[in-house]
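Structure incoming, see below.
Lettered A, B and C in written order, each chain numbered from 1.
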Amino acid sequence: MTEYNFAYLDEQTKRMIRRAILKGLAIPGYQVPFASREMPMPYGWGTGGVQVSAAVLTPSDTFKVIDQGADDTTNAVSIRTFFQRTAGVATTTATSDATVIQTRHRIPEEPLHEGQILVYQVPIPEPLRFLEPRESETRKMHSLEEYGLMHVKLYEDISRHGHIATSYAYPVKVEGRYVMDPSPIPKFDNAKLGDMAAIQLFGAGREQRIYALPPYTQVVSLDFEDHPFEASKADHLCGMCGANDSYLDELIIDDLGGRMFVCSDTDYCEARQAAGHKGKDAA
Amino acid sequence: MIELKDVSKTFTLHNQGSAVIEVISDVSFAVVPGECVALTGASGAGKSTLMRMIYGNYLTQAGEIRIGDLDIVRSEPRDLIKLRRDVLGYVSQFLRVVPRVPTLDVVAEPLRALGVPADEAQNRASALLTQLNIPERLWSLSPTTFSGGEQQRVNIARGFAHTYPAMLLDEPTASLDAANREVVLSLIEDAKARGAAIIGIFHDEAARTRVCDREIDVGRFTPGMAA
Amino acid sequence: MTPLLSVQGITKRYGAHIGCADVSFDLYPGEVMGIVGESGSGKSTLLNCMAGHLIPDAGQVVFDTRTDGPRDTITMSEPERRMLGRTDWAFVHQHARDGLRMGVSAGGNVGERLMAVGERNYGDIRDKATDWLGRVEIDATRVDDRPTTFSGGMQQRLQIARNLVTGPRLVFMDEPTGGLDVSVQARLLDLLRGLVRDMGLSAIIVTHDLAVVRLLADRLMVMKSGRVVEAGLTDQVLDDPQHAYSQLLVSSVLQV
């Protein structure tokens, strides 16, 4: 195979990361500091997610990577290849076949089941960062449950745009305790965070933080009584598979402003097409 | 209502060689409800000083000053604050107000401090200002820009807004024309009639004779002046 | 009657240097107390010790809490103290930018304390914020503007609105009119006086401006070298100061 240790990281490092993961699972939504390692890829390419995946992978796992829902983008392909080479694990694009799924910016459309692990790549783990830049202060706010500031952000949204314009990385409260940034997933996916059968792990490499949601955790998106949370998506059907319940990407298809909407989850879309579903733009 | 027993006052000027100046010694007298007593004596005899001591504005070194049940020489600041709000009124010679506050609010303020609703307090203030011939067009302006006589009348209106059981009046008729002087004197007579105990300083002898029941010569309590 | 705040033997040292020493007093509901003294006299140190921003080396700051009666705020847990800090207490900083979020709209600044105590209705929060802007004489049309676009006097009034929106019972003020034009100061003083009276607030005001305490404070403490040298009714201390230092302080003021 290669001269790398299984899944690239040495065993001591993986142990250290697993301890952080266990602590994160024990305190859902709490950001656990960990000693993030240099990885053979730049920050912002998912170094946090890769380290978490490396720590949880076993030789019998089946690994799937998605980037914005797609299995075939550069980032997804390179991370999948990385673990094929350093861990020799089986890989797949089928959501239901995977045991570990690393993701950037999406949750698969197909409901996950028990025994699966969803690993998120997180750029900025601190939801309070934009209003309170002092790390010492945000930590204190978390420990004392002083979350008024989070609503100030939503208030500012409504006062400026007439509605809550935050459409991704939408803050949630976990088990009535910690406010958490779910990573830059569209708020459409927020509805899937809570009560999920799979384990959800979040890794921020540059910021050196890991946090987690154990299976069937209560996750509530923050909102106002008179401006309730809405898991919105483009109001169209998928052009390829005709799905009305999946998150859609908008594609510009010519120089005349022609557009089409397709599922961002490529596996979901292909599976539906294989089952005979057809959208209006399908060939 | 107002009772002084063996009251003495000294000023110690720490920054001028710690000179100790004895200004008042061993004053004793009492004023009953419905009575008006004039403080008299030559300029510098200590009339204003004594009045300020009774108001608690100057500290008293010895003796007792009782207003109602309270000995203000030994009272806590908060008791004195309450006394000044509810019981003891003081019309000084000078109007001291926050700049920019309209005259009507300046006059209504003592009532507002007592918890009287704004419209009721303003009605009372309007009535007094009308009585004292302050033109209505000035009510919305700050009195800081008014003439001396106008300021004095605003000061009196403010002092009479609440019906204090005890009042101190320092030259209330000074710099007033005949008509306004008459209004002020009738205000004093009304206050007496409702049972207020009043101590006043009046240079205006005719006024003094008309409203005061007794005179107390402060000069005889002033060390170095009696002889 | 129970004092709203009872300060007992507060001492704070900075190494060998004394910040403030053995300060004690009681403040009753509705009272406004001024603390004056020259720079370095310890008045700001004392204020910060009382407001929980500094931990004194000795002494107690007993506050009459709504739920449990008198409690020493120095030994209470930090979450409890911080909760007081955004409900029953308010702190008005000398520099408005220390007390405001400059990147958040005026409405958001005022609404923050409401959201911090659990209000979750946007319409209600916005209505209250707008109402408070009116009470501090800021035009309602400015509700979505950031404080960076406000004048110094407006920023200070916004800071006051932000502090008073939750109906605190005790307000700490550190040189609230410092750095403002004289005409702006007068307007602010008038506003503060009205709010103190109408809301029945108690307040502790640190300043070196004797004119400010004469107009705002019922009582006065004079500090020098960390110690209280004289205390009493404001007009008594200013008109008949007893201590050598108070006499010097009063006689040093320029008459206009």
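Structural remarks
To be clear about the criterion, a residue touches a chain if its C-beta (ideal position, glycine included) is under 8 Å from a C-beta of that chain, and two chains touch if they have at least 3 such contacts.
The structure displayed is predicted, hence computed values, not measured ones.
Relative to the centroid of every protein C-alpha atom shown, the closest chain centre, again from C-alpha atoms, is found for C. The most distant chain from chain B is A, comparing centres defined as mean Cα coordinates.
Centre to centre, using the average C-alpha position, chain B and chain C are separated by 32 Å. A separation of 76 Å divides the Cα centre of chain A from that of chain B.
Chain A and chain C have Cα centroids separated by 46 Å. Of all the residues in chain C, the ones that touch chain A in their complex are 78-79, 82, 86, 101, 103-105, 107-108, 111-117, 120-123, 125-126, 143-144. Only residues 131, 144-149, 151-152, 155-156, 158-160, 223-227 of chain A touch chain C when the two sit together in their complex. Residues 28, 31, 183, 186-187, 189-190, 193, 197, 214-215, 218-219, 232-233, 235-236, 239-240, 242-244, 247-248, 251 of chain C are the ones that touch chain B when the two sit in their complex. Against chain C, in their complex, chain B makes its touches with residues 11-15, 52, 56-59, 77-78, 80-81, 96, 98-101, 112-113.
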